[in-house]
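Here come two complexes built around chain A, the first alongside chain B, the second alongside chain C.
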Partner chain A sequence: MNKMSFSWDRALITCAAWALALLWVLPLIYATWTAFHPAEFETRFDLTAPLTLTNFSDAWVQAPFARYFLNTTILVTMILIAQIALGTLAAYAFARMDFRGKGILFSLVLVQLMIMPDILLVENYKTMRDLGLVDTILAIGLPYMASGFGIFLLRQTFMTIPQELDDAARIEGTSIMGRIWRVYMPLAKPTYLAFGLVSVSAHWNNFLWPLIITNSVETRPLTVGLSIFAATDSGIQWSVINAATLITSGPLLLAFLLFQRQFVQSFMRAGIK
Partner chain B sequence: MPDFALKGRSIRLQSLRKSWEDAVALHDINLTIPAGSFTALLGPSGCGKSTLLRLISGLETPTEGDVFVDGDKVTSQPPSARDLAMVFQSYALFPHLSVAENIIFGLRTRRTPKAERLEKLDQVAGLLELSHLLTRKPGELSGGQQQRVALGRAIIAQRSICLMDEPLSNLDAKLRQDMRTELRELQAKLGFTMVYVTHDQAEAMTMADQVVLMNQGHIEQVAAPRDLYARPATPFAGQFIGTPPMNVFDPMDVQEFPVFAPYCTGSHLLGLRPEDIHISETGPISGHIETVEFFGADLLVTCRIGKAALRIRCAGQAQYIPNTSVSLGFDLKDLSVFGTTPTAETPPQHPKAGNAPCVFNLAKA
Partner chain C sequence: MRRDWIYACLLLSPAMVILVGFTHIPAIETIINSFFSTGRGRRVPEFIGTDNYATLLADPVFIKALKNNLIYAAVTIPASIILALMMAVFVNEKLRGRALLRMAFFTPTVLPLIAVANIWMFFYTPGFGLIDQIRGLFDLPAQNWVGQTDTVLYTMIAVATWKEAGFFMIFYLAALQTIPMPLREAAALEGASRWYFFRRVTLPLIMPTTLFVSVNAVINSVRLIDHIFVMTEGGPNNASKLLLFYVYEVAFQYWDTAYAATLTVVILGILCALAIAQFFFLDRRVHYK
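What follows is the complex of A and B.
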């Protein structure tokens, strides 16, 4: 009896998982189908339809995707480096130093986790205008550089590193920066990997804020470039748009498939559910 | 390894006090640790011995008082300026570095040239028999090997002082015994000043030149192991050292026996080691056997004498039956007298003065 109900449970879960996976992969399948076939097969499923790559070359020449790729790469790298640098220093201070107001400051960092970035669009825009940074790549990245999530995650990891390791390095005369660099950062590698993957995918896909703050080809990231390409193209041609979509999401998708194991494992190790 | 020999330096602690907001960890510690000596800080957990070690190391700063190394005040100096090494209870090996990298960690921090680093690593690895393990990670080593790596990291810098915080407590009993001898030999060979924290009286008694017995943030007694055992200064010292512990009793509880009469002032406690009491027909004290415990070589007999219960250690093969009466005796020079109030520090008559008359000197018949 018990065994029966247990297997029912399992069956339901398996079905649900498949259903969700199917739902998630359907647009991707459709995009792949249209991207690799001539325009007339956009809404017609025919296994014998001729395969073609012209959609990709069309998309590539119709919009400056190379430039968008460069912009997104610069953006994502810049944000990640800044987040790791700032997050590491803040996390070390919160994990291992004693100072006045530590509790309040840390709760402010946690509050940042609860605020939807979209609420701040207008305020952020004003700030960027005051700084004279509107329509720059730096402006897209700046609001995200001090990541509350990153600080929290690294602090949790740093706190699990035994105090005695810190003491041992101090006895040997290692400075604070030396200890962070030679003890804390190497030991927190899985956390950095997990955080890096989340950060890169989040900012690769970010759309609303870059759409607002950028106006030119020189600064637009892929997501904005793609939406403009899809919107302005007078006769909407799904095969070309989908080819462009695959171009923009391809690298991330490929990276995820390649690093799937590490991705999942690092999350397990970092203790994020 | 003559090129590793070095001169130890002395440590002096002056009116050292450490407190946190709500708790006082150490009260007014005054202590001198001679250069090149092996000093054990001994005490039950929570007595402040590890805190004291951290104050010496510079990992913590004292609330009041000063630390001197070879006469130089180092109270506000960071650990690296004090020329000392430290071995931690957990060994504190860096799990992401190989054994070799762990040992030369400090040399790297100080940018010692590579050739010198490798040469020293070679010497230390040879000394500690770690040469075949240098490329392994600490996680792949046994507890004893990890212990050696931690030792290697401590001695490679040739510091004049080495601090150890319960370094053997994570090893099994057999290995612990071997390491005791080895540590002692290493210290004697290299000549550094060793300050060794332990809660295990056997470690302190077998290894140390000087034992600092601590209790609740105070120093109870500073003495060589033999003196600490033979002449405990306080009831705590008597009861902490020795298994089974010293019998400490109030002379008022046994006032019917004339031998205890001089101490019945109400301000003294008496101490007798279990092996210093003898069961003998001619003994002047009569007791009543309550329990008999057999330990192989020893027999532990608990006797009620007056209102006090005393434990007596006898030879293992002796036969005693509970609920029978026995006569007991002891040598007066083995009696410890403790003052219970500060004004009564000096007992009325000190039987330990050496030539005090022995009231009963029982031949071990």
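What follows is the complex of A and C.
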């Protein structure tokens, strides 16, 4: 009897799970459908409808997506390298050194978990104008190059690395930089991977700040380019806009599908502090 | 120890310069500027006391944006948390094809919000969009979901919930996996139903995760406004204007930077209140007794 009700339970949960999952991917399936079919099938679901790639080529021709891709790639790479370099140094100091004001400095770092540069648009714009950086890719990335989240994550990881390893390397005459490079960084690889994935997807998708600080094709990232493309409602077809949408999210989506497990685990790791 | 101090300085300064330069100093400057007028042309900013705040309280658009943001948060946060928890429970059960389920739930998280908004706009298109097509099957009239003042905010809530739930699911999933198996077995032996176990054991155990997720959800409800740009630009008649979008408008379309600073102070206030609340909650440990 007990066994019986148990399996009923399970069937119910399975059904609910799949119903929710289906509902969840529906928008994506819909977007993919329109992107791969001629415009007249936008709202007609005919399995025999001809497949086409013209929507993609149309979108690609109508806006400089190639340039946007380059910009976003430069941006994300630049931010990630800087975040890792600056974050590693700071995290080491917080994890393994004793100095006055450590507590205060660390709480300053934690403040950035709450108050992000995203919100301080006006002042950061003024700063960029004073630095003469408006409308450069550097200006999009600069405010994010020291990540409070990254420093916190790396510090937690560094603190779990046995002090003895550090001491042993020191006795052999390895410098601080040498120890960070040979002892700490290799042992923290999973954290770097986790932080890297979170950072890349966050900055690939970032929109508001790049929108404000850029105003030319040479600097605009994909997200801003897409919004301009979709906003010019001069009769651009939905199927073409959907194709453009898939183009901009494509690489990240593809990376996600390929490395699904790592992605999910990275986000999980990044969330548990 | 003195040497340590010098090294620490060298290691910390690059990161601290950027952190302080783009987060702390701008935050303080924002507060200062909210007490000044906007300098225009040759007129320099003047100290005007709390005039900006008086303007703020009398500004119907601000009040509207604040209300909108409250409704937006009040619906999006619980909805995405409950859905996230459901998803996590589903994925945590050893169901068939759970990898596929997890993928379905998580995929929206990796998409840019701006792209997500594009996709959803097509859903909402009057007459043609999927929602109206389904309504058409039941002979219901076409609706301009995004163009009406009483529905537009909810169209955005749907988009935000869709995007966020899968992200929060991950944290719940991590939490669920830490619940010891013997507890479950013991409860089963005692004849506790699944629902009872969930309510009395699982929920209290994952309380810290709920707190963490809630804090993030509040931050996101203020910070993530990208979809407004594609979907509504705050309209119609300010019905979908949220605080940060209003800041953007005031600062970069009307170029009233002092008033924008005043509006930003409100957002900073909300986030500070959140930080303080979190501090007290964490102090008392949101844990089962």
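Basically, the second predicted complex is superposed on the first by the 236 of 273 C-alpha atoms of A that agree within 3 Å, B and C clash if a C-alpha of one lies under 4 Å from a C-alpha of the other, contacts with A are read in each partner's own complex, and residues count from 1 in each chain.
The rule is simple: a residue touches a chain if its C-beta (ideal position, glycine included) is under 8 Å from a C-beta of that chain, and two chains touch if they have at least 3 such contacts.
In this text, all values refer to a predicted model and were calculated from it rather than measured experimentally.
Novice: Per the contact definition in the header, classify A:Val61: touching chain B only (first), chain C only (second), both, or neither.
Specialist: In the superposed model, A:Val61 contacts neither chain B nor chain C.
Novice: Which partner does A:Ile104 contact after superposing on A: first (chain B), second (chain C), both, neither?
Specialist: Touch status of A:Ile104: no partner.
Novice: If you tally the residues of chain A touched by each partner, is the higher count for chain B or for chain C?
Specialist: Per-residue touch count on chain A favours C.
Novice: Scan A:Leu253 for contacts with chain B and chain C and give back first, second, both or neither.
Specialist: second
Novice: Based on the superposed arrangement, let me know which partner A:Asn124 touches: chain B (first), chain C (second), both, or neither?
Specialist: second
Novice: Per the contact definition in the header, classify A:Leu51: touching chain B only (first), chain C only (second), both, or neither.
Specialist: Touch status of A:Leu51: no partner.
Novice: Show me the residue ranges of chain C that touch chain A in the complex, using the header's touch definition.
Specialist: Interface residues on the chain C side: 1, 4-5, 7-9, 11-12, 14-27, 29-30, 33, 83, 86-87, 89-91, 93, 95-96, 99-116, 118-120, 122-123, 125, 128, 130, 133, 162, 166-167, 170-171, 173-174, 194, 212, 219, 222-223, 225-226, 229-230, 244, 247-248, 251-252, 257, 260-261, 264, 267-268, 271-272, 274-275.
Novice: Across the complex, what residues on chain A touch chain B?
Specialist: Interface residues on the chain A side: 162, 164-165, 167-174, 178, 182-183, 186-187, 189.
Novice: Considering the complex alone, what residue numbers of chain B touch chain A?
Specialist: 57, 59, 78-80, 84-86, 88-90, 92, 94-96, 105-106, 109-110, 153, 157
Novice: So in the complex, which bits of chain A are touching chain C?
Specialist: The touching residues are 9-10, 13-14, 16-18, 20-22, 24-28, 30-31, 34, 42-43, 85-87, 89-90, 92-94, 97-100, 102, 105, 108-109, 111-112, 114-127, 142-143, 145-146, 148, 151, 176, 201, 204-205, 207-208, 211-212, 222-223, 226-227, 230-231, 238, 241-242, 244-245, 248-249, 252-253, 256-257, 260, 263-264, 267-268, 271-272.
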